[in-house]
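Chain IDs A, B, C and D follow the sequence of writing; residue 1 opens each chain.
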Amino acid sequence: MPWDRNQMAARAAAELEDGMYVNLGIGIPTLVANYVGDKDITLQSENGMLGMGPFPFEGEEDPDLINAGKQTITELDRTAYFDSATSFAMIRGGKIAAAILGAMEVAENGDLANWMIPGKLIKGMGGAMDLVAGVGRVIVVMDHTNKAGDSKILRECTLPLTGKGVVDRIITNLGVLDVVDGGLKIVELADGISEDELRNATQATIVT
Amino acid sequence: MNKVYKTAAEALEGVLHDGMFIAAGGFGLCGIPELLIDAIRDAGTKDLTIASNNCGIDDFGLGILLQTRQIKKMISSYVGENAEFMRQYLSKELELEFNPQGTLAERMRAGGSGIAGFYTRTGVGTLIAEGKEHKDFDGQTHILERSIVADLAIVKAWKADDTGNLVFRKTARNFNPPAAMCGKICVVEVEEIVPRGSIDPDQIHLPGIYVHRIIQGTHEKRIEQRTTRKKESA
Amino acid sequence: MNKVYKTAAEALEGVLHDGMFIAAGGFGLCGIPELLIDAIRDAGTKDLTIASNNCGIDDFGLGILLQTRQIKKMISSYVGENAEFMRQYLSKELELEFNPQGTLAERMRAGGSGIAGFYTRTGVGTLIAEGKEHKDFDGQTHILERSIVADLAIVKAWKADDTGNLVFRKTARNFNPPAAMCGKICVVEVEEIVPRGSIDPDQIHLPGIYVHRIIQGTHEKRIEQRTTRKKESA
Amino acid sequence: MPWDRNQMAARAAAELEDGMYVNLGIGIPTLVANYVGDKDITLQSENGMLGMGPFPFEGEEDPDLINAGKQTITELDRTAYFDSATSFAMIRGGKIAAAILGAMEVAENGDLANWMIPGKLIKGMGGAMDLVAGVGRVIVVMDHTNKAGDSKILRECTLPLTGKGVVDRIITNLGVLDVVDGGLKIVELADGISEDELRNATQATIVT
């Protein structure tokens, strides 16, 4: 059975190690915070915060304290605030160990598209281009195929790119793949998913 | 040196003109210069180019200036919260220049820092890189991004002393310091003006040298995504 | 995540190697990493390239590493306080790269910020500009300055919490934050380590993400130019 | 009679206006602070401070509080501290209205030399190159001639430059000159100094 959203988030959380500073994108990546367990992870929110805490209790929301998804959040005992220039200084400067992001498409060379569908969706890239260009490791978490059943893991991206050759690892509902020389390598299969099932759902080149 | 003004309208007197370039602080609806945006609407200044990470929502923040068609062009990283924005953009009434969020923040800081341009890997190989100078450093390709200098910066801080030294609160700091830095004139609205000497000089986030005019006012501080957890789940 | 070490020697264990590049905080003798400098002397690491605004005096600060001939090259803006420096430089035992003070600070910040290079007017038409790329922006000539990334940053702060969040005191802040930013490894000495949560998160000067190792110690904090006025003249 | 150091400093102080942020170099420029009177001037010290106060009383020196000349100083009720990158951001960014600096040589085109004598003096430029490139107005205060009696105001500088075409005004013991098209213009003569005396002591072109 393919992994559900929470299982994908849990699998992504397994990528994280003690002491890491990590940026989580919106969507499934946000759920990763629920699965870090005892690991000493510090979450960065690119609007100017390290040490992001959980959502506030009702009635305790502070309009001056939000995350990059504009949701009300809380602070922790390790929290530090800073301005947007400083926030992206640490992102571009490689101080963030990993970013876990959603995607529309990923290509076998590590190209990532997750910000724009020409003529349809023009919300903007936010901090995604800075993140994929700057952080130590880019992990994409997404469904393996789109609603029409087509592979989101492609030989070449068809949508405008967020970054070129930036993705290190892809975690989908079917398994885990790494971007390596010549294509993608299967690292792990979701429970009950066969290698053939994953290969059939993947347009990109899979190398062994 | 008197930087303190009574109202947003007074603080903007003589600094607004049609076609001007404004840099605005804020992220989403957090830390936005609400009062100054309202005053710009009331002044009716037209054909504005505004550098701001977002453009508010339909009836709050910079979205207000979309309703009144005062904005000609936005320089932003994300405008997804605003239906009127989409409508005006798709009908070509509004120009839009997308900037990666960190590039936008750094362009503002650079403009206030006498840095004419800088090289970043952000955006290499994407639409953002088109038409920009490319250069390799240590085997990696970078693109040249230019600094932003604005005619006016509009900024929201938590506290100011009367010399303009500013303190921000939590994530409401965001783009406010870089926006302030890049303005030829910087007008700031705060929740409280305190006497000089009452802010620890080690704890000033932005020195008064960047601040030309200050007003104190009451802020609505609307929440865009009120997200909570239940007490039980604690 | 344990960033707290017992001694300067322990905090530097495994990060020192001959020929390495070190960025150091401090201005004159103010806010210099005294304890880490002593530990580097004791470790005997040789052929160091050090980016630091100054080079201490003969018997204090980085001057100590000149006495022991551990420094191969300095990148500095001002070295006038140090007779041994002059001697070694004039006898070509020591290399020297002068950087304008602001250029040096910005090169460090850029190195920690993923900015490979930046354009400044500082130094145009001077010796500093020789061999550097020139480019005109808005009719003014600028030169391209490269960022600095150091193998190690040695930094002095006032207080740290155990996650590495730092607070500096008065003008002892100076080059310490930019030096910290540009180090692949950043080791910090402080006067006091406080429990996490005891520094207001709005009042942290440098977030712990930049800090890898911390020690607490006693600092001499020598004054270079003790200048006073008489009570009568007040 | 030529102006003495204090008179030159007082004359330089007359250049400053209410509300200005100003950087003073070492030497005679430091004395300018004594002559600002009631004017609301904020002094910047490029090692990371706005709102520099006077020297401390004996016994009240703080090793963490020095100026760019490494002297112990005090803070004021308007003081703000910041790091060196921020300090030079405001300098290069044109936020400092004026710098008052000493010089070894000034040329009629505004070139300034004040940091190096090849083979003799290699202390370094400190923040001088950033200041002259960045601040609104550069005012040089210096003796008109050197100890040998030779003009320090030249057709061309002979020493390595601190900045090219950066000086706006020169205040010497003999008077005040502005850098204008084609050379220098006499703005003012020191008490009892004739125009001929100033011209004779000046190698640079003087225009009227």
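Assume a contact is a pair of C-beta atoms (placed from the backbone, for glycine too) under 8 Å apart; a residue touches a chain by one contact, two chains touch by 3 or more.
Worth saying up front: this structure is predicted, and the values here are computed from it rather than measured.
Asker: I need the common contact partners of subunit B and subunit D, sorted by label.
Answerer: C
Asker: Look at the interfaces C-D and A-C and say which one is made up of more C-beta pairs in contact.
Answerer: C-D
Asker: For subunit B and subunit C, what's the span in angstrom between their mean Cα positions?
Answerer: Here subunit B and subunit C have centroids separated by 32 Å.
Asker: Cα centroid separation between subunit C and subunit D, in whole Å?
Answerer: 27
Asker: Between subunit A and subunit D, what is the gap in Å from one C-alpha centre to the other?
Answerer: 54
Asker: If you average the Cα atoms of subunit A and of subunit C to get two centres, how far apart are those centres in Å?
Answerer: Each chain reduced to its C-alpha mean, subunit A and subunit C end up 35 Å apart.
Asker: Residues of subunit D touching 2+ other chains?
Answerer: Where subunit D meets two or more other chains at a single residue, that happens at 75, 81-82, 88-89, 91-92, 133-134.
Asker: Which subunit C residues reach two or more other chains?
Answerer: 106, 109, 113-115, 120-122, 168-170, 173, 201-202, 205
Asker: Examine which chains touch each other and state the graph shape they make (line, ring, star, complete, other).
Answerer: Other.
Asker: Considering every pair of chains, which are in touch?
Answerer: Result for touching pairs of chains: A-B, A-C, B-C, B-D, C-D.
Asker: Going by the contact rule set out above, which residues of subunit D touch subunit C in the complex?
Answerer: Touching subunit C: residues 45-49, 54-58, 60-67, 69-73, 75, 81-85, 87-89, 91-92, 111, 116, 122-130, 133-134, 160-165 of subunit D.
Asker: Contact residues on subunit B for subunit D in the complex?
Answerer: Going through subunit B, the ones touching subunit D are 1, 109, 111-115, 161, 163, 165, 181, 196-197, 201-202, 204, 207-210.
Asker: For a test of understanding, state which residues of subunit A touch subunit C in their complex under the given definition.
Answerer: Residues 18-19, 21, 40, 42, 44, 50-51, 75, 77-82, 86, 88-96, 133-134.
Asker: Please output the residues of subunit C touching subunit D within their complex, sorted ascending.
Answerer: Where subunit C meets subunit D, its residues are 27-31, 53, 76-81, 86, 89, 96, 98, 100-106, 108-109, 120-128, 158, 168-178, 205, 221-231, 234.
Asker: So in the complex, the part of subunit C that touches subunit B is made up of which residues?
Answerer: Its residues touching subunit B are 106, 110, 113-122, 135, 137-138, 140, 142, 146, 167-170, 173, 201-203, 205.
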